[in-house]
Amino acid sequence: MRVRVLFFAVARDRAGVSTDTVEIEDGATVAALFARLAVMHPALKDVLPACRAAVDEAFAPHATQLADGQTVAVLPPVSGG
Amino acid sequence: MRVRVLFFAVARDRAGVSTDTVEIEDGATVAALFARLAVMHPALKDVLPACRAAVDEAFAPHATQLADGQTVAVLPPVSGG
Amino acid sequence: MEPYGITDQPLDVAALSAFVADPAAGAIVTFLGTSRSSSADATNVERPVETLWYEAYGPMAAKRLRVIGEEARARHGATRVACWHRTGEVAIGEASVAIAVSSPHRAEAFACCRDIIDEIKRSVPIWKRERFTDGEEWVEGYDGSE
Amino acid sequence: MEPYGITDQPLDVAALSAFVADPAAGAIVTFLGTSRSSSADATNVERPVETLWYEAYGPMAAKRLRVIGEEARARHGATRVACWHRTGEVAIGEASVAIAVSSPHRAEAFACCRDIIDEIKRSVPIWKRERFTDGEEWVEGYDGSE
């Protein structure tokens, strides 16, 4: 299956791209996707542990199983307000 | 000595006047003035116990001794804000 | 603009907010006390209010606003404070009091603004009068006891 | 006016305050988060900020603002809530976030407004970047842990 990945702030700086399409095994979790991203973009590795994920614009725990076609956002610690 | 008295809100309604000049013994306290006012304006009697006094625009305890020429305001419970 | 005062004109919270803005401030909190279309009477029944107005012991009220605002500012380490109270008739929905507080961080701005309105209700010589369909009365207020 | 949103334009707190005004409300509290001319770095030293800007995950940020605002409104029994966050460059002294809350009495308006800004800082996907004289960096934020 394929998921679309969005990177923000320091995660985008490290990934060097703002979006990516990732081919990953069916039913993979957010955690598995993050592990894959760390391999694809080594510079992301040390910022990913602090990042939360959003699946289709809602926060999702790392155990969440992904489905084909979903959009996963990599969200560094937020600093709005 | 003479003091000027200002009445506000329900105290003014009861006194029927907004200002008054009162002749009172030298060194009289706010408490003595209030007792005098209750005699001068009987309709004030039941609202005076809840009133605070200000002497020359600052709150003054009932034990405060007055001096000639001062202005004493009779302040019902405040309800601003 | 004067930071503290009593006026018979509508209050302008945007002007107060702009007045307290400061490069050192990261937070601005404002409070508006607005006139409600109903009010609880002495027996706690809500009755529709037709009009209301405020009477002030003007010179003393203005002094008290300044003392309350500056004491709260110092106590909380706030940056700037502004506070005005309106007198005369105030239409339903309009503001009778407006406060603006800026501070480096938000906790102090909230706490300072809250302290100011609480103290205004305790010790600024201003009285509210409400007219209902069946009469009018001075609103029972705070008499200084704890 | 929309009560919640993300915009790259200056925020108008007077418009938000007017939006939440209501005949049933006796209090309106607003909060503005403003950009400061200095900021503590990772070692807690204050450094002068030259410019700062905000990046948002726009669609999710707008949804979060609405959820946070409406949940806080219901929890506190507030009357109306409005909340906007700005993106892009924000000049020193200007507001990055504006919140307005009305409620029948003041305690709920203060508590509701405070809860909203606290939760925005925890869970709205927006990031601040500051440029200093000697470089620029993303501001360390909140990672979701308690």
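Each chain gets a letter, A, B, C and D, in the order it is written, and its residues are counted from 1.
Here is the rule we use: a residue touches a chain if its C-beta (ideal position, glycine included) is under 8 Å from a C-beta of that chain, and two chains touch if they have at least 3 such contacts.
Bear in mind that the values here come from a model prediction, so they are computed numbers and not experimental data.
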| item | value |
| --- | --- |
| Partner chains that subunit A and subunit D have in common | none |
| Whole-Å gap between the CA centroids of subunit A and subunit B | 73 |
| Gap in Å, rounded to a whole number, between the CA centres of subunit D and subunit B | 49 |
| Distance between chain centroids, defined by C-alpha means - subunit C, subunit D (Å) | 24 |
| Touching two or more other chains - residue numbers and ranges from subunit A | none |
| Residues within subunit C bordering two or more other chains | 33, 117 |
| Touch relationships between chains, expressed as pairs | A-D, B-C, C-D |
| Of subunit C, residues touching subunit D in the complex | 13-14, 17, 21-38, 92-93, 95, 102, 104, 106, 109-110, 113-114, 117 |
| Residue ranges of subunit D in contact with subunit A within the complex | 33, 54-57, 59-61, 63, 85, 96-97, 117, 120-129, 138-144 |
| For the subunit A and subunit D complex, residues of the former touching the latter | 6, 8-10, 13, 50-52, 54, 57-59, 73, 75-81 |
